[in-house]
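Scrolling down, you'll hit the structures one after another.
Common to both upcoming complexes is chain A, partnered first by chain B, then by chain C.
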Partner chain A sequence: MDLAAIENQRRADRWDKGIKIGEGTFANVYKGTEKATGRKVAIKKIKVGEMKDGLDMTALREVKFLQELRHPNIIALLDVFSVKQNINLVLEFLDTDLEAVIRDKALIFQNADIKSWMAMSLRGLEYIHRNGVLHRDLKPNNLLIASNGELKIADFGLAREFGDAGSRMTCQVITRWYRPPELLFGARYYSAAVDIWSIGTIFVELILRVPFLAGDTDIDQLKKTFHAMGTPTEQDWPGHTKLPDYHETPQHPKNPWWNMISSIGKEGQDLARELLRFDPLQRLSAVTALHHEYFTAFPRPTPPIKLPKPLAELRPRALAPDETQGKPILSGTENGVVKRKAESPSTLGLDGKRIARRLFA
Partner chain B sequence: MSSSFWSSSHCHHWLVTRSSVAAARSIDLRYATPRQIYCLGIWFANLIQKLGKKLALRQIPIATATIFFRRFYLKNSYCETNPYLVLAACCFVAAKVEETPVHIKTVVSEAKLMFQENNIKLFPADPHKLGEMEFYLLEDLDFHLVIFHPYRALWSMTGREPADSGKFPQSRVEEDQEIKKREADAKKKRDEEIRKAGSGEGLIEINEGAMQICQFMLNDTYRTEVHLLYPPYIIALAVICIALGLATVSNPAQSKTRSSSTQQNTLAQSTSISESLGIRPPSTEAAGFLASFNVSLPVLLACVQDIIVLYPIWETFEPSAARNQPQGPLAAATAAVQKDKLEVEGEDKFGPEEAEALVRRMIEERVVDVGHPDDAGVGTMPKLSGKKRGRQ
Partner chain C sequence: MPPTPHPLATLSQILHNPSCSDGLPKEIESDLRTAACMLIQEAGIMLDLPQSTIATAQVLLHRFYYVSSMLSFGITDISITSLYLSSKLCETPIRLRDLINAYMFLLARIKHLSGGVSGKGKEKENMKIWEGFSFEPPGFHDEVFWDWKDIIVSSEMQILKRLGFNMQVDLPYSHVINYCRILDLVFEKDVAQSCWSILNDALLTPLYVYHPPHILACASILLTTRLLRIPLPDNWWVLFDANHEDIWQCCGTIANLWREWGMEPHTGLIHGERRDRRKVEDKWRRTWVLLESKKAVRRWVEENDQKA
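Moving on to the complex of A and B:
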């Protein structure tokens, strides 16, 4: 055998592949173990052989970025090897994801828990942005949780670098509910601020326990956004009317939407507002968000190990749906999500158990 | 750009020693001379460039493709693979990695056309084959796909950093005039700052001409092995070093390094003197600039050597009249060397046609040798690998 093949064989031998725990259009995920240590891993098998048009962009991006990014709050790629015509990514095994945690109504979130999750997400995101990468698909489903409670950002299938000025990018990224208004208006030149919006909506979702802005279509998404937060004026967001897909939307008055999340406290409300600014230039960056006083104010974030976790058996994680270049990636059709959509935020405030326990209201 | 160079796979896995580069060619060297092998490197890089142009790729994806190609041949031999298929696969993968994907069928049809134009018949025009090759390529690249090119280093060292590179502050909304203006203002201010910051360590102001030479020379470096041997910042520095040398030689008065007029006069004088003596010292400014980096000067000079050596060989392989790339002062600088070389080796002409023939011959001979039961001391040719590489 040649050198490369030996090397590959040596790598493949390090891991034991177990049962299938997830299936997607371009990849299957298996439970696995490291032979030497018995450590649990997840093996993502990308079916290259079956692809007529070469390796899928999503898979390529995932490999490309995970090979370079190393951070405690980012899913670790432990190894890559190939068997026949399949690429196998060995990833660290993570028990659950934030979506499952949010959906598990048996769990009660303390404000300190939310702060802990936010801090970990932002730390991971700060690292990603610092290295010149946009994630472009942040949602609770992609924030995985390890058995020790640590949160890790996963799924880099839509990520790309943004080091070069003025490169046009597709606006059909980020799952709709977490997509910022500039993308809904078709902006082709955007930056890290798109991920910040997603984090902002996730933050509100952690407090409300339902998706904050759950539009049924792209148009509806904008409508819901403006309904909740008020239609932006030229003053709020200079230049937005000149975006490619700008269209008139019904005028909604300014709405102090942050009262809805008063349970999180004054600093938390302020952070949410700063993360969810209409004007991408005014949105906080990941690093300034980490310096926000929310993170230094009382209460201290919960240590990861003590964070609430669903007791239920691990649900196979839905894999990223097939992405055809430039087409929207929407996974809002999964069963669980549809169920969640049925509850509207307004019915929730009444039930104390469903929302974060109010400490400050 | 993604991730920091210092923690990258590029830095940790793909900067190799000269001897391992040489070892990678050991089998090929049984069928060709070192000089011919070097020329093949130039030739394949040219083909990648041509294919890239046909696929409307920008310079960065083309550069990435070339490095993928070089890296692949750190683990493989030209004569045991189909280099044309490999280079098409490199372009295909690089286009995807740099976010300007091209459909596999387009790659196949454009590559077919390009290879026909260059009279190459070995390329299998089959998307399936290319798809398979893509997989083997990725495998041999260890799935390390992010490459750091010296262009960015060159821009930042010469204070021409594009507005938001390296720092990621703001989004740019094309249609938003206001932001554009703001950005333009910021850039102007930054440029001024750079100009004012007289002592700006690690920054050098060079004129447009020299900058252009740097850019061209960087494009040329992809025809050599320097990208496997040196980190990108060394390559950028080496290119600046050569460009400054050339600028001082060709027109000392015009080299606008940051110096007062009196300094420039003495500089001009000293260069004219040293020129008459046949020595070309870099200007004191340039020397100071180069010395201000915490890099090993012997390493830097070795890199300079590796780049300079390309030109005479390239010239004999493919006389510059046949190339359309403006060479300007470079051609002048190497002209003298070329003459000598041509006189020495004038007889054995080795150009693109010969390169094409050589590749065919190498592959054929290798097949014979591997098939031969008495092929002593070889036995390294893996049956599986031979088949899987999609050889003809």
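Moving on to the complex of A and C:
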């Protein structure tokens, strides 16, 4: 056995693999523990047999970015090792995700709770952007919640560097409901502002407790967006008519949509508007958002440990169509039915698999 | 698992090079690195990949052979796989089939060339070299694609595993542009191009795993300004946290590469003995034979041991 093999074995020996808690298209997730400390971890085993052309891009991206990014609000990659032909990622074990929290009707959110979640998400995102990375798949179920209430951004399967402003990127990223209008218009050159839009929609979702802009198709997504917020003019968003997939949309009048989130207060409404600007250049950046007066205004954010958490065991739910592949489906192939979750608390049994499966699918 | 932005080879890894420990002479080991990186470079250009993808692949290959022996892992296999892996890492995806075709073309060409070339006079030689060379890409369903695919998939896992999944590669190209700007060299004719080319050439040597990118950037500027006879202030490299010893050593390694492979730029500034053409040709031929597979390398080591 040479050095590389010994090192790999040494890494593998640090962890105990427990029961399978989730199954995705290209990975299985197991509960695990660190032998030395008994700390709970999630071990994500990437299936090799299923791989068509070597290791999947999403898995590569995940390893590449999580190895570099270290922050309290980002899921920690503890180790990577291989057994035979399989790759195993050892990740922090996290109890639940923000989506489960939002859906749990038994929970009541205070404005301070929402502020706390927003602050943690933006801190994590600011760190990601500061390091020249775009997440490109922010949504409530990629924001995981640890047992102490800390929020952590996960799933870097679609992330990429954006150091080079001239590099053409795909517009088929970000789960549709959280996708900004410039991507829906097919922009190939974009920036950190795409993640900011996602955070903005998540913010509104936290207040309304239902997805803010839930389009059935890409076209419908634009329609819903403009219906809710008014169709942008050349003045609101210079140059948007020149985007590759620009098409005429029904004109909707300007709409003071922020009135429906008035419960969050004036500063909160203003933050939401600034995060959800049509023009990506006018949207706040993560760092300026953190300096927004919303975060200094009353009430103070709830300490993470005191944030509401689902009491019940996690309920299983079906994978969304665009999650089953570990990447979003292309617009041409979808049939217009978005079924993100199909759970009904009473009919499905309890298990902790769901989160892990979703997370790591 | 501490963050490792750009892992370099440790001193003991350099001293106890795995291939050399298996009996491969140092000189041959470095020839094979060079040849493998040339393959990556040529295939990368054929596939229209950006230089950053090509460079990443070459750095991965160099790193790999500091933790693995050329007697255990075929050089061509690792070369093609590094390029495939880096195309994924750099978000410049290529089709596996195109990559395999490019490599098959390059390998067929090597086979043709190592068959022996005879001829006198430069022009005649140029005409004759390619005589009788042809390459026909295999049919769409040819078995050979599956064979290559299996090799690439399993080598990919080996590379990841043996590098401990550290795939971050930090390249000196952007440093060089900034440094040139600071030194007011951007409008000097040929400087940027020459620095760029020197950095590309340096990828054929293990320099990228010996030195961090800013040292390499300084080395390319030093060598360029020497070749073009451009004066710079004394100790300018101090500005970029470099020391003379390191960058001078890099320049030496690169000049050596040019001399050994017969590819020095026509500046007339690199002195030294007129290279022996025969010697260079023998070097190429030997490298081509060993490039083929780990078996060829093993066989060579065995024969060499017997001779000794």
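Rule of thumb we're sticking to: the second predicted complex is superposed on the first by the 311 of 361 C-alpha atoms of A that agree within 3 Å, B and C clash if a C-alpha of one lies under 4 Å from a C-alpha of the other, contacts with A are read in each partner's own complex, and residues count from 1 in each chain.
The definition used in the following text is that a residue touches a chain if its C-beta (ideal position, glycine included) is under 8 Å from a C-beta of that chain, and two chains touch if they have at least 3 such contacts.
Everything numeric in this text was worked out from a predicted model, so none of it was measured.
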item	value
Fit-or-clash call for chain B and chain C when the two complexes are aligned on chain A	clash
Partner chain in contact with A:Phe162 - chain B first, chain C second, else both or neither	first
Touching partner for A:Leu78 - first (chain B), second (chain C), both, neither	second
Which of chain B and chain C A:Val204 touches, first, second, both or neither	neither
Dominant toucher of chain A (residue count), chain B or chain C	B
Partner chain in contact with A:Tyr189 - chain B first, chain C second, else both or neither	first
Residue range of chain B overlapping chain C upon superposition on chain A, of 188-196, 206-214 or 260-268	206-214
Common ground on chain A, meaning residues reached by chain C in one complex and by chain B in the other	2-4, 8, 48, 51, 53-55, 57, 60, 63-64, 67-68, 70, 80, 82, 85, 87, 160-161, 167, 169
Residues on chain A engaged by chain B in the complex (per definition of touch)	1-5, 8, 48-49, 51-55, 57, 60, 63-65, 67-70, 80, 82, 85, 87, 129-133, 160-167, 169, 182, 187-194, 238-240, 242-244, 280-281, 285, 325
For the chain B and chain A complex, residues of the former touching the latter	1-4, 7-9, 75-76, 92-93, 96-97, 99, 101, 103-105, 127-128, 130-132, 134-135, 138-140, 142-146, 152, 162-166, 168-179, 380, 382, 384-385
Complex contacts: residues of chain C adjacent to chain A	1, 3-5, 18, 67-68, 84-85, 88-89, 91, 93, 96, 149, 152-154, 156-157, 160-162, 164-168
Residues of chain A touching chain C in the complex	2-4, 7-8, 48, 51, 53-55, 57, 60, 63-64, 67-68, 70, 77-80, 82, 85, 87, 160-161, 167, 169
